[in-house]
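A short write-up of the structure that comes next.
The first chain written gets the first letter, and so on, giving A, B, C, D, E and F; residue counts start at 1 in each chain.
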Amino acid sequence: MKPETTAKVANNAITKGDVLAAARIAGIQAAKRTAELMPMCHPVLVGSVAVNFSIGDDYVEIEASVETVDRTGVEMEAMTACTIAALTVYDMCKSADRTMTIDGVALWEKSGGRSGHWQRPRPTPGAEPPGSGSLPT
Amino acid sequence: MKPETTAKVANNAITKGDVLAAARIAGIQAAKRTAELMPMCHPVLVGSVAVNFSIGDDYVEIEASVETVDRTGVEMEAMTACTIAALTVYDMCKSADRTMTIDGVALWEKSGGRSGHWQRPRPTPGAEPPGSGSLPT
Amino acid sequence: MKPETTAKVANNAITKGDVLAAARIAGIQAAKRTAELMPMCHPVLVGSVAVNFSIGDDYVEIEASVETVDRTGVEMEAMTACTIAALTVYDMCKSADRTMTIDGVALWEKSGGRSGHWQRPRPTPGAEPPGSGSLPT
Amino acid sequence: MKPETTAKVANNAITKGDVLAAARIAGIQAAKRTAELMPMCHPVLVGSVAVNFSIGDDYVEIEASVETVDRTGVEMEAMTACTIAALTVYDMCKSADRTMTIDGVALWEKSGGRSGHWQRPRPTPGAEPPGSGSLPT
Amino acid sequence: MKPETTAKVANNAITKGDVLAAARIAGIQAAKRTAELMPMCHPVLVGSVAVNFSIGDDYVEIEASVETVDRTGVEMEAMTACTIAALTVYDMCKSADRTMTIDGVALWEKSGGRSGHWQRPRPTPGAEPPGSGSLPT
Amino acid sequence: MKPETTAKVANNAITKGDVLAAARIAGIQAAKRTAELMPMCHPVLVGSVAVNFSIGDDYVEIEASVETVDRTGVEMEAMTACTIAALTVYDMCKSADRTMTIDGVALWEKSGGRSGHWQRPRPTPGAEPPGSGSLPT
């Protein structure tokens, strides 16, 4: 992402509107509809969904966390929230910058459930920022 | 993606079912619903949607192409098809391999419309494979 | 369908509500969402959708007709309207009658478009009533 | 259904793609959205959904089974899966064969819940194959 | 609303069809999809939804009640049912009467849940009729 | 609406998040899905959708305008955008203020199309603010 695009996002100067507000809501809404999008995903009543952003020089990092009291894991909901939020950022910035890419969409942490706590092995230093992760709660 | 996971995908040996068939359909269906997912995307009647896969040693490459006769560009539809197809691959393989990441989602080529033909500058040799691109038709 | 069930439908005496009104609207709404339901169906802006019923001794016959000015045929929209209307009848009557079946869903007539006018060959006398057909307009 | 059409389906030779894979996924996805399609259907979190096919000389038989831990029955989900799968088969084969019909959509078996186990009375010999039924689990 | 429009609604004489039947179903269907419409609404499995109408001289009063066994309140589901039902009335009558307004959409009563029973303070005499309220059950 | 609630909305101090950003996006998204919500509404490809707010002492006024090049009017899309935006405001503020009402949802101006330009007759002075209207373009 070009530095001038991230600057515009940070200053809410993209002409299509408030990019991060739109991306956050798009991510939250997509999390709730994950089972409609993934054929083999069970429907689940998601509880809280959080989508957060941090803006770097030439990237926007997106973290999503999803909670549920249902019996199924919700990592697909979190990853769907991340990717749809990222696509929304792309959509709203694309007239300024067509070469943006979405990278590093990954599961960062998962807790609760049958399979217990899991955390992604630390990436090597200098690796690209994660696109998805569970926030500590 | 672990080589044994790509091998299972290639041999249709994932217990959740035919991964590429499910991912293709998920991608096609998502392309048709892009405007429901992206707040600032105009609804458009997509014409043909193609989602294709090539399986490498440790990755599955996904290419989507979308055509329309409408007045709006359909790159968001193609990129949505790619990411939802990729998430479907993740969903169906995640019990075997939690460390998969989705990388390199990008616009590869766009033609027609007001803005004319556009092609992504060649990546440097050795770069990761593209997640998204327009197939020649 | 048991004769006492068709009688209740005709007299609007099913406890779940007005069966034919609900089935008509369910059919119309489903016609508009056909492309979300059929993976290989192109989205199309349907124009008028009509769903009509005639009640026989032991069946409810459903006819749907759909019009469009778009370039694609809309027979899937008409057949989707018919089947969803039929399933709605089933759903609202099932506590009274679990043995109902849905039969004879078929394309009856199609006109306009590249493939020209087509009419289903006459069924042999005594055959079951059609579940789907294009009304003359 | 014409025997040459069932042969093409069996050999995955329909130009629109893998018919049974598409129909299976369409059926599964529709089962999850049943309450959106049937006005009087309560939303329910469906658990496993299975859609299976057997190809006869001149028909494709479709069986769907749905499980849930919720308090409501899921026969409408199974019947919706069957009909949408059947319509998907129709859609993908219709350019080759317009006279196909969908017949015998019916509830075959239901277990659990307040109303206990129920099994459809045996059809008379030679009757048409069922469109819907609960697989033994 | 013009008195001649309410008369037509009462006599089922609106050319677009049975207004109250369509509005009731639209309201019920919308209640089930509230979380898709409101970004910050948690998905909830709604139980019974009732939408009722009373026709006055120059207005149609709409009351919706929603029940659930889930942990979340369902007032948004009831208010969504009311407003979508009201918009459906508007849509089907608008060719006869463009000056209709939707007024007084409000929460009337809520019971159960952490926050206990709540009832709207009595409006002053002569105030407009409520657009939404919980029916006694 | 209580003055302290409007103040919180204006100062972006509602704990559930940025109310007007969420309401705007909810309204825009709902406009695109109007035909799914209103049974007798024809699907239409909406073009630009604008949802704007002005905050008064004890109310939030919402104006929506929708444009299309399709053959059908889009007043239902604008009114749906307004009411869903209003419900979103209600949803995000309801823990602070349960007595809010939605009033004055009305068509304010319509231009283009067969029926020509139409403007709502001026309300009498002191009347409540409109909930919906076409912005001049």
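In this section, a residue touches a chain if its C-beta (ideal position, glycine included) is under 8 Å from a C-beta of that chain, and two chains touch if they have at least 3 such contacts.
What you see is a predicted model, and the numbers here were worked out from it, not measured in a lab.
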* Rotation angle superposing subunit A onto its copy subunit D by C-alpha atoms, nearest 5 degrees -> 120
* Asked: In whole angstrom, what separates the CA-based centres of subunit B and subunit E?
  -> 42
* To do: Calculate how many whole Å lie between the centre of subunit B and the centre of subunit D, each centre taken as the average of the chain's C-alpha atoms.
  => 29
* Whole-Å separation of chain centres (CA-atom averages), subunit A against subunit E -> 36
* For subunit B, which residues are shared contacts with two or more other chains? -> 17, 22, 25-26, 29, 39-40, 45
* Hey, how would you classify the chain contact layout here, line, ring, star, complete or other? -> other
* Listing of all chain pairs that touch each other, if any do -> A-B, A-D, A-E, A-F, B-C, B-D, B-F, C-D, C-E, C-F, D-E, E-F
* Asked: If you look only at subunit C, which of its residues touch subunit B in the complex?
  -> 35-36, 39-40, 42-45, 70
* Can you check the complex and tell me which residues of subunit B touch subunit C? => 25, 28-29, 32-33, 45-47
* Going by the contact rule at the top, pick out the subunit E residues touching subunit F in the complex. => 16-17, 22, 25-26, 29-30, 37-41, 75-76, 79-80, 83-84, 86-88, 90-92, 94, 98-107, 118, 120-121, 131
* Structure fact -> The answer for subunit E against subunit C in the complex is residues 17-18, 21-22, 24-26, 29
